[in-house]
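Presented sequentially are two complexes of subunit A, the first with subunit B as partner and the second with subunit C.
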Partner chain A sequence: MSFISVEDVKFSYDEDKNYVLNGLNLKIEKGEFVALLGHNGCGKSTAAKLLNAMFLPDEGTVVVDNMITSDEKLTYEIRRNVGLVLQNPDNQLVASVIEEDVAFGPENLGVPPEEIRERVDKALRTVGMYEYRKHAPHKLSGGQKQRVAIAGILAMHPECVVFDEPTAMLDPSGRDEVMNTILRLKENGITVVLITHYMDEAVMADRVVVMDNGNILTVGTPREVFSQVHLLKKHSLDVPQATELIYKLSGAGLKFDEMPLNTEECVNFLEGVLK
Partner chain B sequence: MTRDIALGQFIPGQSVIHRMDARVKNLLLIAFIVLIFCSFNFVSLGIITGAVIAVILLSDISVKMYLKSLKVIIVIILITSILNIFYGSGDPIVQFGIFKITLSGIYRAIFVTVRIICLILISSCLTFTTSPTDLTDAIERLMKPLKILHIKVHEIAMMMTIALRFVPTLLEETDKIMAAQKARGADMESGGMIKKIKAMTPVLIPLFVSAFRRAYELAVAMECRCYQGGDGRTRMKVLKIKKLDVACILVTVLVLAGVILCNIFFAAKI
Partner chain C sequence: MSIIEVKNLSFTYGIGTPFEKKAVDDVSLCVNEGEVIGLIGHTGSGKSTFVQMLNGLIKPTSGQVLLEGKDIWEKSKEIRKICFKVGMVFQYPEYQLFDETVYKDISFGPRNKGLSEEEIDLTVRKAAKFVGLSDRLLNKSPFDLSGGEKRRAAIAGVIAMDPDVLVLDEPTAGLDPKGREVLLAQIMGYHKERKNTIFFVSHSMEDISRIADRVMVMNKGRLEMLDTPKNIFAQVEKIESMGLRVPQITKIMMTLRERGYDITDGVLTVEQAFSEIINLLEKEGKI
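Showing the complex of A and B:
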């Protein structure tokens, strides 16, 4: 049984059955890093909120670690297990002191005080914000705030963290900070689901899921997915810049075996061709 | 726009006052406020003023900060003291028509001014030396008995925590919106009071809209972090009454006794 399994899920925000998700099927294994792509309004964020029982499906089931999200008794256990990091770092921090904010989650779970202390220190070290533990959130940069928000989720000891466009409001250096943190979580064995608009981030994932119109368009390793440049373009989605370049060159008659995904691969490939 | 509001600002430190238990600090503050109002002559007021100065010196926070907090209410101090000058009875020293200044009036003005200043200083001392979370935590615990009356103590404390957290964020946002409206040609500086207030409408409406959006997102984020109200919640920092707190309580009781004795043995002057 997969760690998270979404089966035939339909979900609509209104009574008129305008389904945002239309029979979505998705399986996520333990320890996997899955990137979720799709243009605005395709249902990615809705899917994220279904994974931690913030929303319940109208039809179909979402099962997390053998717990079904529709069982109200399990709601908080599921939310502890599947942490959700949102886009705007400012609106996720509750307390005026960093360490107290990180403690918010474990406090809600009723963890004993000494253990909260340990968890908070450990979570802050993992995201590299330990030195800032006594600071006020409004004095930090966007990337730092987002790392604190991640620490707040980590302190609840989740097995999976879902990121809903965590870098959308950050500057390039903030994005790097957050992406490095996400990669570190994956190394620590935490299952990561990353919703993003940035193809360069999606390339780092084990598996890419492309959504369109409340359903899955295509799934596969980053290389498999981004090789289908034509399909992605048709659904007005981007591909990484390196891939785009090679795709355009291939239109001019250039032949290649494997689609390059990042600048390095692209440079190597072009070097080979130009020699 | 300057964001230098001294009133209600926490300044981290390691002084005796900083280390005191926030609950004790709150209770002692109330005791001090009552004392300030219950001192009826200059001797007892002198004792309290001495105690307030001692607390300020112990708090290890620059006198400048305290003066800043007084600056905010200087108008109130001036108005009340001027009014009081004219309120005395007895032989007038100077007289303009029906207004007369008497010796007792001057005494009374000095008395009231010292009272207000003491009141502000000792209250600022609490907010300067106590982190907002400790403060709300203390209030939550002190108000716990009110639960019997079905007052939602935890919710009130939570609202205070969040309000304190978002004050700087919303101030920053106000600045941004003002800059954006100015860039579109909004005029916020010229004109009289009424015109200036009217000019704030295009700032306040976006600010409110954004505050509501923030509130919604924060609610989602809190639910994601398993927030389910005050029941079954633990705290990372447990407040503990230490020897230091007991000592401070004893000192305050001594001051209290001093004031009461002075009130009895020295005639009320005013």
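Showing the complex of A and C:
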């Protein structure tokens, strides 16, 4: 059984059955890092909110770690298990001192005080914000705030963290900070679902799922997905500039075995034809 | 002729408190009429404080902003009039929509400018057209629009005041690739027709490299660099040391150049890179 299993899910925000998700099927394995792509309004954020029982499907089922989200008795356990990090860091921090903010989750779970201390310190170390534990959140940069928000979730000991465009409001170095933190979570065995518009972030995932019109358009490893440049462009999505250049060159008759995903690969491929 | 001249502009937050911080430090530059200035810098580098001094929202601690040769603070009681000349679109402007209908929201600025109903109607429709909002949407509540439409409605509200200088603070943040593309094209279309001056603040080096005539790089409150995108992004190390990045395509072509291939400095777009590679192959008779 997969860690997360979404089966034939339909979901609509209104009574008229304008389905935002229209028969979605998706399986995510434990410890996997999955990137979810798609244009605005394709249903990816809705899908994310179904994963931790924030929304419940109109039809079909969502099962997380053997718990079905439609069972109300399991709601809190599912939400502890699947943390959600959103776009705007300012909307996610509640306390006036960073370590208190991180302690908010475990406190509400009724974790004993000594253990809260331990969890908070560990979570802050994982995201590299331990030195700032006594600081006030509003003085931090965007990337630092996002890392504190991630620590707040880690302190609840989740098995999975869902990120909904966590870097959209950050500057380039803030984006790097958050992406490095996400990769560290994966190393620690946490399942990661990343919703993003940045293709250079999606290439770091184990698997890329492209959504369109409330359903899956294509799915595969980053290389498999980004090789379908034509399909992605047709659905108003982008590919990394490295991939686009090689795609254009192969259109002009040059031969490449595969599509590059990053700067280094692209340079090597180009050297291959220029030499 | 320069439309805006900034002279030794500085701003310090919380003077006399323990939180005193110099946000903008001795910035000077001249901007020509009709220029598009890209403004980059990491979070906290002073970009937003700087642009807010351009339309008098923040009063400089020292230094001057000259608009068409006149200090904007010369008659400080009339400082609010500057907002009509220097229009500002803040980050996530869709959060500032407030009126019952899109039409009323866009007309707020021109109405406060004291235009007649007829003129207001004309400017509202013109502004909506520039950002690609159809007439059908004008009578809707702004809260019923999609994210991208809301963003465009908010920008139309500023364009409707017909400012000579338009300041856009991260107008494409949070939009998907297509939404970004469309909005950029609309802004540039408007710019071409109106020939206004634009300040474009962005974290997207790809966007900046495509539309800016010149790029300002701010770091720790100072104006660190001011040059064409080509010359700015050619200095990869310096840019990266300030917590910024160059576009991926620029980096790829720079690396090839460093490895001894005959490639022009500062390639900014995929199209440019494509013709560079093709030219090189043709020159060497490989295709």
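Of note:
Methods note: the second predicted complex is superposed on the first by the 275 of 275 C-alpha atoms of A that agree within 3 Å, B and C clash if a C-alpha of one lies under 4 Å from a C-alpha of the other, contacts with A are read in each partner's own complex, and residues count from 1 in each chain.
Just so we're on the same page, a contact is a pair of C-beta atoms (placed from the backbone, for glycine too) under 8 Å apart; a residue touches a chain by one contact, two chains touch by 3 or more.
What you see is a predicted model; the values in this text were computed from it and never measured.
Applying the stated contact rule after C-alpha superposition, one finds that A:N40 touches subunit C and leaves subunit B untouched. When the two structures are aligned on the shared chain, A:Y76 is found in touch with subunit B, with no touch to subunit C.
When both complexes are overlaid on chain A, the residue A:P222 reaches neither subunit B nor subunit C. With both structures placed on the common chain, the touch criterion links A:M54 to subunit B but leaves subunit C unconnected. Of the two partner chains, subunit B is the only one touched by A:Q92; subunit C is not. Of the two partner chains placed by the overlay, only subunit C lies in contact with A:K248; subunit B stays clear of it. Across the complex, subunit B meets subunit A through its residues 10, 12, 131-133, 161-162, 164-165, 168-169, 172, 214, 217-218, 220-228, 232-238. By the touch criterion given at the top, residues 38-41, 87, 141-143, 165, 168-174, 197, 200, 236-238, 240-242, 244-245, 248-249, 252-254, 263, 266-267, 270-271, 273-274 of subunit A touch subunit C in their complex.
Residues 41-44, 146-148, 173-179, 203, 205-206, 243-245, 247-249, 251-252, 255-256, 259, 261, 270, 273-274, 277-278, 280-281, 284, 286-287 of subunit C are the ones touching subunit A in the complex. Of all residues in subunit A, only 49, 52, 54, 76, 79-80, 83-84, 86, 88, 90-97, 99-100, 103-113, 116-117, 120, 134, 136-138, 149, 152-153, 156 touch subunit B in the complex they form.
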